[in-house]
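Next up, some structures in structure tokens.
Below, subunit A partners subunit B and then partners subunit C, in two separate complexes.
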Partner chain A sequence: MARLPITKTPKFYVGGAFIRSESARVFPLRDSDGVFFANIPQCTRKDLRNAVEAAAKAGPGWAKRTAYNRGQILYRLAEMIEARSDEMSAAIGLGGSTPAAAAREVAAAVDRLIYYAGWTDKYEQVLGNVNPVAAPYFNFTVTEPMGIIGVIAPDKAPLLALISLVVPAISSGNTVVALASTTQPYPAILLGEMLATSDLPGGVVNLLTGFREEMIPTFATHMHLRAISAVVNANERKMLALGSAESVKRTILLKSEDKRDWFATAAQSVDAIRDTLEFKTTWHPVGA
Partner chain B sequence: MLVRSPQAALQRLFDEVGSVDQIGIDERVAKYATRSVKKASKLWGLRTAVTMVDLTTLEGKDTPGKVDSLCQKALRPHDDASIPPVAAVCVYPSMVRHARRALGNNSAVRIASVATAFPSGQAPLKTRLAEVKAAVADGADEIDMVINRGAFLAGEFGRVQDEISAVVTACGAAKLKVILEVSELETYDSIRAASFLAMRVIRPSDFIKTSTGKTSLNATLGNNQVMLEAIRDFYLDTGVAIAMKPAGGIRTAKQALTFLIAVKETLGDAWLNNARYRFGASSLLNDLLRQLDKEKTGAYQAPYYFSEAAESY
Partner chain C sequence: MPTASVAKKSYRAPQRVTNRVGRRAPELIFGDLWAFDPAPESADPKLKARYDLFINGKFVAPKGGKYFDSINPANERKLAEIALAGLADVDAAYAAAQRAADGVWGKMPGRERAKYLYRIARLLQDRAREFAVAETLDGGKPIKESRDFDVPMAAAHFFYHAGWADKLEYVAPGRRVAPLGVVGQVIPWNFPLLMCAWKLAPALAMGNTVVLKPAETTSITALKLAEIFQDAGLPPGVVNFVTGAGDVGAAMMKHPTPAKIAFTGSTEVGKIIMRSLAGSDKKMTMELGGKAANIIFDDAPLDQAVEGIVNGIFFNQGHVCCAGSRLLVQEGIAEKVLAKLKTRIRTLRVGDPLDKNTDIGAINSREQLTKIRALVAAGVKEGCAIFQPECALPPSGFYFRPTIFSGVSMSSRVAREEIFGPVLSILTFRTVDEAIEKANNTAYGLSAGVWTDKGSRILKLSTELKAGVVWANTYNKFDPASPFGGYKESGFGREGGRQGLLDYCKLI
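What follows is the complex of A and B.
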């Protein structure tokens, strides 16, 4: 007997839940041959606002986890992706990547996660310091997470680039609200499902789908976002720079014109963790 | 042999004041949350809600200093001077004189004090009345009393009403707010019945109030609606307008707007002012200010830019 086709409703991942846009809007996603694949939620600024509220709620608990525990959880996320790598490859393949290229991107994304999972309990030794001072004091510089970080992923390398921007931010205890690739949003939808089973507390990573031109103005002006880490063109850079000046947020803006190689070893670094850290220097009297 | 039964007494009261269709109320209030409030109305609602706040601190750790800063915030909630002061500050009786010192004698902000062995009400009547008189003597403009829930549930309605009457007398010129503590009354029927008992002995423009904020369940749209409808029915019967104060659990501007929609659609514009409707809340004001700032600047605001929103993440 013929089965009824079971078609999937892609939903985005906010606060540990899979939801539709508050506007109820969707846009059609077609594969590289132009065949309809699914309707993707078209998020609005209100969805962004709600995601920021969810991230704010999750933040203190996530930042209080031990660095070691954060590393364990990131490692488990890598396990979850590895186990569903075929499905993820197929999702990347929708955008026209060959199966081999898609599989290579998934493997690189998993490796990147492992890389940052290893750094969670080590960056403090590298970036923090005991400073020499000419008085009877200890002088320490220690790091603290900034808070909620906005991420805007590029259209190319829809999984690898997203992971490369999100994971260094959360490895230190930040939370993230990310806008996924507009042209290839489906890998981010799948990533949400993997995040949900990875022991990562709900709200630490929130993945929105939708149109850049609709969302970027709100990313720029939202006062509750402490930093923006984004791959953007000249117009978007200007908009983000102006909005961020008004709301005093840090901007880490990569130029989309630069055609960054996300597979390169240079695309991963402890510097990416430092980008979303605050440094605190304290003086303490030397004991007797 | 005649046996007194609380159930029979309650049933007679329900028959008299009418019972509540619980499903109907819940469906009705669920609709309020779906109203779309747009720019100008939203601004009006947010500003009106600010003027309706009873800015509250009721903690064992309250100090004169904390009450003083609460009063300053009540007078000038925001650095934007166009934002009006709140309706009142609400404090424990021992803090009334500190609040009076901070606000002065002709303040736009009134002083409300909980009294009558708040929140349980489990003290001898004499003690409760003495507390009310002391708070009024120290300068309280309004008294928030709790009803004797034990007597109500035992069916001793006369006693409940006599105690409220005694407090009315003790208040003198001060306004009275009667806290029903709805979470301990269990059902909508009981909430409606208790509302009527209270409304029959208090003065026009005294308040009935949902809760102390000290129990698990506080003001909800549902019990707010039951009490608003009781006020409406009482007004239609007698022409006496009673005011209303939901308290506890209202933390967001969006919730406050939904409660105002309930007031507008149940009682109309005559109740949309702080003489007839108040919010008992401590953190609501900050969210109202946050949303007002958002409307003004167009940018979503972070809670840590508003005082006492300690969460810094």
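What follows is the complex of A and C.
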């Protein structure tokens, strides 16, 4: 008799731990043929708040890492995904992608990580500068991470889009609380496992699974999220903008109705890093 | 015994303040012992009796035919009538801006746009004194500030940004930039002309056209600037001014034409604007309120620090979003700093803004004076120790004495809310970490000051303070090349420098 395989219970990744929703809710994930695959945690706003707390704890330490160190850790994450690319391709394939298309998405996600790993110790030289003020002061503008960034990933390109939103934010020292694709959450579950073995400190990236309509209102109004980077429809944009007004939160809202090629080189840029940075200018007298 | 005599000597040392007869020498307060003669600035502000809207390169009467009075807050006398814009006027202004964006300004080579901005800078320098007097009459700020800061800095902003207009490929490395189109801008009453320049110069350099609304109490210098635009031959519609109160601003924000809204004002109004724009695809820059910490360590050069504290909070009557309104003093020197501050603010001259010796002019409006009084009353009620120097205030006009609150706790309203007046709240700290924590314990994050002799401490503080501008051993310094803007609820986007231009372009 054939051996019955052990199936994995998907858990989401918060604060460096794999957990179930505090609500104990799950929703069934079926593959593109309708066959049951697993139960996915259906996170609540309480789970989101806990994730923000984890991100807040990890934030100062991560931001203080050297840029070189952050680059090496992102590179290590790329190594972890590359080594398990077959498994990740299969996870993407659950959503109906052909094996070739799924493998292409994993490869692109790895390359995207490499791209941002290289930026960590360079963007400052490109975005900041010394300002020639008309007085005896040494005046310079540097960038700083904003803090905790809320990410809402689209359903399309469930791994590549998630990576493309999360990685520019963390490359500068931000921490992230991300909501994975609702229809294709499994690549994010798997990504959590790869993050856990990548040297990235727990809490820097927190990946939630669940329903957008349940989670977005809390993303919108949570006071400790300093920015939202999201791919969202018109209603969601309005809700996020309204909630963000309450704490003057920054919003980087990409339209889900726009055609967007996540594979293109245009989908990666130093500007995406800049979107979750603050500019700080310091004046220092020049004199004896 | 030698030890006793040493002790006696060191005990006697502070007694040197006594005179030969053995009495305490009178404290010499500069200006206390003799009266100052009035020294009014006499240049002609060349005001018109009535100011119309500036739309499509012309001064035009508002379609509703209504005007409101602009008064001099120093004596409450009427200065001029200002047009009250209605929706139809806002429409006309945006239509003119759109035509100018499509027809001329957006297509013009950067080097030609630059020349217009250079011209504007030069023409403003030519008429600097006239503008300074007009600014002081309209807003109440001391003439020495409008003359030495507001007007020259406004000209500098046009001059600086002019040079960017043909070098925009250097703004965003690796990207090409394009203008956004039409921009709507609403500015506050604390630096009327400077905010105008601050907002217009980068927008125009980038190739945008603008509809701008000055604050209702301070519209005059913007409309005088429109005269300069005419003299400079700026193409019609590139800049349009509509005047009126908050409802005109709201109509400007909601209008479908502008691709971007830039606002400087209170956090409260900024949030209202953000809500009103939710669901639109308009870009925004928000330069909002602040409650800056000015941190004095025990190794700081104290006399210099006291000057910085005074400049930090009493500059422009404290009507400054980045004012150093929370003074954090290291415990060991708190008493000394307080004593020095009390002595120093007794020498501040409060009164006629047009007088060249005036340090603190008139509060901008009765409404603002009422707000300041209410918050100061709250501070007294909460048990903070208040100090206000004795000084005579003019019989009419809106004035408020420089005020210091000591013994303030973090939860006190005068430590948390933006007062926007000449009111300083003093708190103490013991360690560097406590200073950082207290400084950052606010919803705001516009600016901060650090006073210490230790370079590494300055760099630590400037790294840890959640504020867009950090002044080390100085305060309230500005420059067109230096980006300005806030963290957290102090807003987003930067103004000035290369970073400021990024907020007026789209990347292609």
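Just so it is clear, the second predicted complex is superposed on the first by the 283 of 288 C-alpha atoms of A that agree within 3 Å, B and C clash if a C-alpha of one lies under 4 Å from a C-alpha of the other, contacts with A are read in each partner's own complex, and residues count from 1 in each chain.
As a working rule, contacts are C-beta pairs under 8 Å (C-beta built on N, C-alpha and C of every residue); 3 or more make two chains touch, one makes a residue touch a chain.
No experiment lies behind these values; they were computed from the predicted model shown.
Engineer: Touching A:Thr218 in the superposition: subunit B (first), subunit C (second), both, neither?
Structural biologist: first
Engineer: So, does A:Ala264 touch the first partner subunit B, the second partner subunit C, both, or neither?
Structural biologist: neither
Engineer: With the two structures laid over each other on chain A, which partner does A:Val35 touch: subunit B (first), subunit C (second), both, or neither?
Structural biologist: After superposition on chain A, A:Val35 lies in contact with neither partner.
Engineer: Of the partners subunit B and subunit C, which touch A:Lys238 in the superposed model: first, second, both, neither?
Structural biologist: A:Lys238 sits against subunit C, while subunit B stays out of touch.
Engineer: Using the touch definition from the top, say if A:Met1 reaches subunit B (first), subunit C (second), both or neither.
Structural biologist: neither
Engineer: Please determine whether it is subunit B or subunit C that touches the greater number of subunit A residues.
Structural biologist: Partner with more touched residues of subunit A: C.
Engineer: Check the residue A:Ser247 against both partner chains and state whether it touches subunit B (first), subunit C (second), both, or neither.
Structural biologist: both
Engineer: Thinking of the overlay built on chain A, is A:Val126 touched by subunit B (first), by subunit C (second), by both, or by neither?
Structural biologist: second
Engineer: Could you list which residues of subunit A make contact with subunit B in one structure and with subunit C in the other?
Structural biologist: 246-247
Engineer: Give the list of subunit A residues in touch with subunit B in this complex.
Structural biologist: Those in contact with subunit B are residues 45, 49, 52, 56, 59-60, 63, 147-148, 175, 218, 221-224, 243, 246-247.
Engineer: Would you pull the subunit B residues touching subunit A in the complex into a rising list?
Structural biologist: 298-303, 305, 311-313
Engineer: Can you list the subunit A residues touching subunit C in their complex?
Structural biologist: 126-127, 129, 131-135, 137, 139, 141, 144, 146, 226, 234, 237-238, 241-242, 244-248, 250, 269-271, 278-285
Engineer: Can you check the complex and tell me which residues of subunit C touch subunit A?
Structural biologist: Counting only subunit C, the residues touching subunit A are 156, 172-175, 267, 270-272, 274-275, 277-279, 286, 288, 443, 458, 462-463, 467-474, 477, 479, 481-485, 487-492, 494, 497-499, 507.
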